[in-house]
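So, here's a batch of structures to check.
What follows is chain A paired twice: with chain B in the first complex and chain C in the second.
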Partner chain A sequence: MNMNYVRPRDLAEAFAFLAENGRDTTIIAGGTDVMVDLRSGELDTRFLLDISRLDELKGIRLEGENLVVGATTTLSDIYHSELLTQYAPALQKSAYNFASTQIRNVATIGGNVAHCSPCGDTVPPLVIHETKVVFSGKKGERRIPIEEVATGPYRCFLEKDEIITAFILKPVEADFADFQKIGRRKDLAISRLSMAVMVDRDSDGIISSMKFSLGACTPTPHRMTAVEEFMTGKKVTCELLFEGGKLLAEKMIEITGRRPSIIYKEPAVQGLFVRMLYPVV
Partner chain B sequence: MNQNTVQIEFTINGKKVTTNIPSHVTALHVIREIMGLKGSKEGCGIGECGACTIQVDDKAVNSCLMLGAQLHNRDVMTIEGLSKEKKLHPLQEKFIENHAVQCGFCTPGLLMSTHAFLKENENPDRQEITRAIAGNLCRCTGYQQIITSIEAALQDESCRGGE
Partner chain C sequence: MNKKYRSVGRSIRKKGGVEKVKGDPVFAGDIELDNPLVLKVKRSAYAHALIRNINTEEALKIDGVKGVFTSKDIPGVNLLGIINRDQPLLAEERVRSLADGIALVAAETEEAAQLGIDAIHVEYEKLPAVFNPVEALKDGAPKIHAKGNVLFTRAVLKGNADDGFEKAYSIIEKEYTTSAIEHNYMEPDAGAGFVDEDGCLVIYASTQNPHYDHKELVSLFALEDENVRIIQAATGGGFGSKLDLNVQGFIGLALLHLKVPVRYVYSREEAYLATAKRHPFTIKIKTATDRDGRLIATRVRAVCNTGAYGSYGIAVASRSAVHGTGPYSVENVDIEVKCVYTNQTYCGAMRGFGAPQMALAHESQMDLHAEVLGIDPLAIRLLNGLEVGSLSGTGQLLTSSVGFKDCLHAIAPYYEEAKKSWVSTCSTPFKRRGVGLGAMWYGIGNTGVQNPSTARVTMEPDGTVTVFTGCAELGQGSTTVLCQIVAEILGISPDEISMVVGDTRYTTNAGATSASRQTYISGNAVKDAAESLANVLLTEAVNRLQVPKNTLVLENGEVTTTGNPDCGIGIAVLAGRIHDKGGVLSWQGYFDPETVPLDPKTGAGVPYATYAFACQMAMVEVDTLTGEVTVEKVVAAHDVGRAIHPENVVGQICGGVAMGVGFALMEKFEQGKTESMKDYHIPTASDVPEVVAIIVESEEPTGPFGAKGVGEPALIPTAPAVINGISSALNYRIYDLPASLERVLEASIQAGHFGVQEE
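Moving on, here comes the complex of A and B:
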């Protein structure tokens, strides 16, 4: 195998390298997707550019109105972050059932998003926080809404000379927030279906605002505004949850069309929705 | 075929080494084939079984999913670093006493996961223990004996030490 390993000293060096060799280069962070693809032969690349050590890409912090999560922040860091407990609990919960301890210790949020797998667990939580993804390169940076990063399954909006450097979230201290997924088995489950939600209620228990996103079962992630609007202004009851879940299933079918897997997914979507929001009742 | 190499310098089981490795090989390959440490196993090679688990800077990771070159400047511990002077580590004793070892293929990886877990957790419950070893498959024991061993280790301060 004729592959070169490149470890830039800092971000500027990484940008310069990509400006020159971007077409022949694959970025490696935690490597948990890249190594699997190298082994299977699916990935063949002249250069592997290792960004996992770049301090500029690490860390979770509040910056003015924003909550900034660096691209090479690991899923373990996300799981342990007190800032996220307070300001983005759904994102934190997505780390809870993510793969295994060994994988969480190295897998990064940047890799999860850049891989553009429809099953990326961090994506639905990023969607409900109206996240902007920072793409940077030698020429400068641009900020792309998270929903537009994947142009299709495993197809990324990123240019060959760019790196995802950070995620800019709107911090929210919600009454209730959750992330749920259904996979093949409990641990190391790649999601078949996932969803993230944030809910605020007023003193009468009426939903004053709701953010909801569906993942894994649609080719790219979707914020479900129809469901949000339907639920907002109402008091949460079991009936309402079932109606909301039904609407969600209908909206999903509008996006995906009626595929064979729909027999399983339609009731599963509704069921997961009800189960996730049941604690609010 | 032209093989590209990269020089890495790292600490393995307390010993500093500098070596040239092919750029594309995994950390598991470096450990087994270049360092000759055969305790870490390859089960699946794709991050699902945990037989290759090692500790890098005190954290459990799958060495089959790590690029060898990424070991540069790291502090690595493998199962060979757990026992000192041919004496078993107390954690290994617990595994034996509680029948957590049958064929033994999963054991090195499980010990690495457990040892890392005990460093970070004072008083875990059974559910947390189960979670900590969820990335380690065992086809023989059915896990109960393994969990019992870890619970026994929690009662014994010496199980936390070493390396």
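Moving on, here comes the complex of A and C:
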């Protein structure tokens, strides 16, 4: 019941604290998930370790071949980043109608990923950028592919003495990139479906490469390689989009099985796929 | 209209508006008290059960717990209900829903109160429960109340519906359903209280009706009137749910026994669990027209689910039946609405009392008839619309202030323009646009029952004016409107008037802030009082000015003679003179609209003295691939009689549209699934369309300066307009609310819009 709030001065202090108290500690950054769980009683923790003011975890920059996004970069920062406009527009788009302005101002990309909600909006764009997530602690760091961060809904691969410190994306200037989602209202809605895509075409308009990820429909994020392969090498027509969307729905059902919500999600996944890629036609 | 008013019809600064912006008003949760105890209610673990035993011993031993109370501690009549009394404050031998309170804990802290709640042991004998009202009507269904599961039936019969159907050219028969809705006022239910030096229970409450609260508490605790005082605290919205006794009874019970200050503020979750919802309806409707599209018969069989208790269910059933024809003249009417008990959380009043649910049905039917006959939806409404001289379904002759067709005419240019140039300019092949109309009528005040308001206007010998009204201000602006009316009569500035509002020690009963009645009914009550006061001022002025009384007017704080502004005398001088002579400067006003109770068998009567009318048009864009709906714009024309405060009227219309969009597209309360705003979606600013509000003024002769009401009418046409817009966009109709993603996408698929489209 007695909870202590701890704010380390730097990352080293945070690692040291976790090495000792990791088991009894919950990391807080923006707090938009943690505070909700604390109030509902779902979360009961001895220590709250606030990493939101650690400068080492902030910022978006190019480092050699990599695009690095610090873990406590807020969704508002992501939305306003010119680097992302150029190299990861789908990620930027995911910040566009993420929750609400107030939430975007404090919520962090690290929190969105670490919470491991199947509906995390930043995840599908991170997947298509083949992101490596940097897990760091006193013992050192390891780089985990974004698809492996969640071991299930709300279950994170992170050890209790580790912090997500950064995301390492492959920067891509694609012909076309987008993120789209469907919620029950226009703001402040948890995604019922989300997806991110990057497409490159040759001079004849044939898809030369495509990266596609589905969010919110499956327990953990998935790159849909079958759909990518199906679309690659073809000229995009409306008919092709409906076929690709149908394949996507089939692949989704292979993962989830036929749950009651599939009555909506099966056509909606197809529909959202068509809507998202229609500009390519 | 010829007379120029100085206060009425002007959007003056809202009474208390500056204070509100500064954060001065004190809500019940913020009232400063000396170490108030925290209250919490232990609620039922089952939707339906008998209570075998309640053991509170362990709870009483918990550190910080100061008292634990059960129904045995209620000295008076343990039954609540303004219309019918069927709801105990704390359960006795039976619980009928998960919302039912069993015991009340008073403790020094939230934590201790929760520990106390957890330590109360209740032995139940579980009973079969029923949640669907149609099931609850069947033989052998679990019996929820001793008198059976039917709370009330309202029939409205006129002419002979069978004859009408026989003569009909076109008959359409459909079934519509609506969902339970949570009010989601900004301020969850709250109250605080103490016992004053005279032993009076003083309770500050977030309420729509302090005087009803007072009556309920006096009865619960078998107290004298003067031993209970209810003061309306600043109230953050109500929408009908704060007509019920929510926290007030628990605060009273703790005060009665402990005599120390207490406070109770519901969490959002508790407000969801334990306060009333909008009644979900199932409406079977069969309507018939002749070859020209004239409605000749309607038959409605509707069931509304009132949950475990009546609350305002009887009013909802009665009003929905009366409004079942829609704002149309129908020769043959056969309507029956049943209000049925189930084991859901009880349903009560919510903005519109059943009229919004019924409007979905009658407005969808109008569009369906129009389609069959090849008539435009606006034209079929104009053809059938009520006008002066029409007879309503209850046989009431409408004699004046029927501005329905004016509303339709006001909408017409927007409607034609939208159909002509907006619908066709859709940008992508996977979006479709539609324009939908929704119309309504709404009786002002309670249905076929007396519902008076009273008020007092006093003038001090120095001329200062105070209005005393029991009319609860919920943010909608009644205090400002009542002030404007008094200012107009007395010829003074609204700024010069002090308002004493909603305090049962100083104000008299104004009835509830509900049924869109306060401008019309309390407006007339303050007007009555102000006119009495004006009369004595004028009489006194005759003596001074030596001119006939009928040439005198009150303006700018003086009595002057018409045409001679130099000859005047200040009202302060007059007030002083009247006072010195022992004259009366304090006047009580009264108004009760003239109604005739409805016949229990046929519903014949005059349920309301006047009606508001409206038509709204919704411009709707549907994503045929995902089922997402965007309401781009709503044009709303409302006949309010006269807008005392036009900006307030526009505010009500905008708020009503916002709420209507939620009702249409996303809101659905499901017990156990929707526990707070986390799982229950109401529209955000991004979901609310641009609103063009058009005020239509068809003066009501019995209204104060011609005014009627707008609070509930603002909401009623929106959902049907949106649904008709979706239907027009998709050429496929949705009959069930809300028109969720699932339902809209299914409609799109069924209509053949999902797939490769020709451009």
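Here is the rule we go by: the second predicted complex is superposed on the first by the 280 of 281 C-alpha atoms of A that agree within 3 Å, B and C clash if a C-alpha of one lies under 4 Å from a C-alpha of the other, contacts with A are read in each partner's own complex, and residues count from 1 in each chain.
We take it that a contact is a pair of C-beta atoms (placed from the backbone, for glycine too) under 8 Å apart; a residue touches a chain by one contact, two chains touch by 3 or more.
Keep in mind that this is a model prediction, so the values were computed, not measured.
Undergrad: Please indicate which partner A:M3 is in contact with in the superposed arrangement: first for chain B, second for chain C, both, or neither.
TA: first
Undergrad: Is A:Y278 in contact with chain B, with chain C, with both, or with neither (first, second, both, neither)?
TA: So A:Y278 only meets chain C here.
Undergrad: Report for A:T101: first if it touches chain B alone, second if chain C alone, otherwise both or neither.
TA: A:T101 sits against chain B, while chain C stays out of touch.
Undergrad: Please indicate which partner A:Y264 is in contact with in the superposed arrangement: first for chain B, second for chain C, both, or neither.
TA: second
Undergrad: With both complexes overlaid on chain A, does A:L38 touch chain B (first), chain C (second), both or neither?
TA: It touches chain B, and chain C stays clear.
Undergrad: Identify the partner contact of A:L62: answer first if only chain B is touched, second if only chain C is, both if each is, neither if none is.
TA: It touches nothing on chain B or chain C.
Undergrad: Pick one for A:D50: touches chain B only (first), chain C only (second), both, or neither.
TA: Only chain B is touched by A:D50; chain C is not.
Undergrad: Counting only touches as set out at the top, which of chain B and chain C does A:C238 meet: first, second, both, neither?
TA: Touch status of A:C238: second partner only.
Undergrad: Would you mind listing the overlap between the chain B footprint and the chain C footprint on chain A?
TA: Looking at chain A, the two contact sets intersect at 36, 100, 186-188.
Undergrad: Which residues, counting only chain B, touch chain A once they are in their complex?
TA: 1-4, 6, 22-24, 26, 45-48, 50, 53, 59-62, 64-67, 69-70, 72, 113, 116-117, 131-136
Undergrad: Considering the complex alone, what residue numbers of chain A touch chain C?
TA: The touching residues are 36, 100, 182, 184-189, 192-193, 238-239, 242, 263-264, 267-268, 270-272, 274-275, 278.
Undergrad: Any idea which chain A residues touch chain B in the complex?
TA: Per the touch definition, chain A meets chain B at residues 1-5, 7, 28, 30-32, 35-36, 38-39, 48, 50, 52, 76, 99-103, 105-106, 186-188.
Undergrad: In the complex of these two chains, what residues of chain C are touching chain A?
TA: Residues 428, 430, 623-628, 630, 665-666, 678, 681, 683-687, 740-742, 745-746, 749, 754-757 of chain C touch chain A in their complex.
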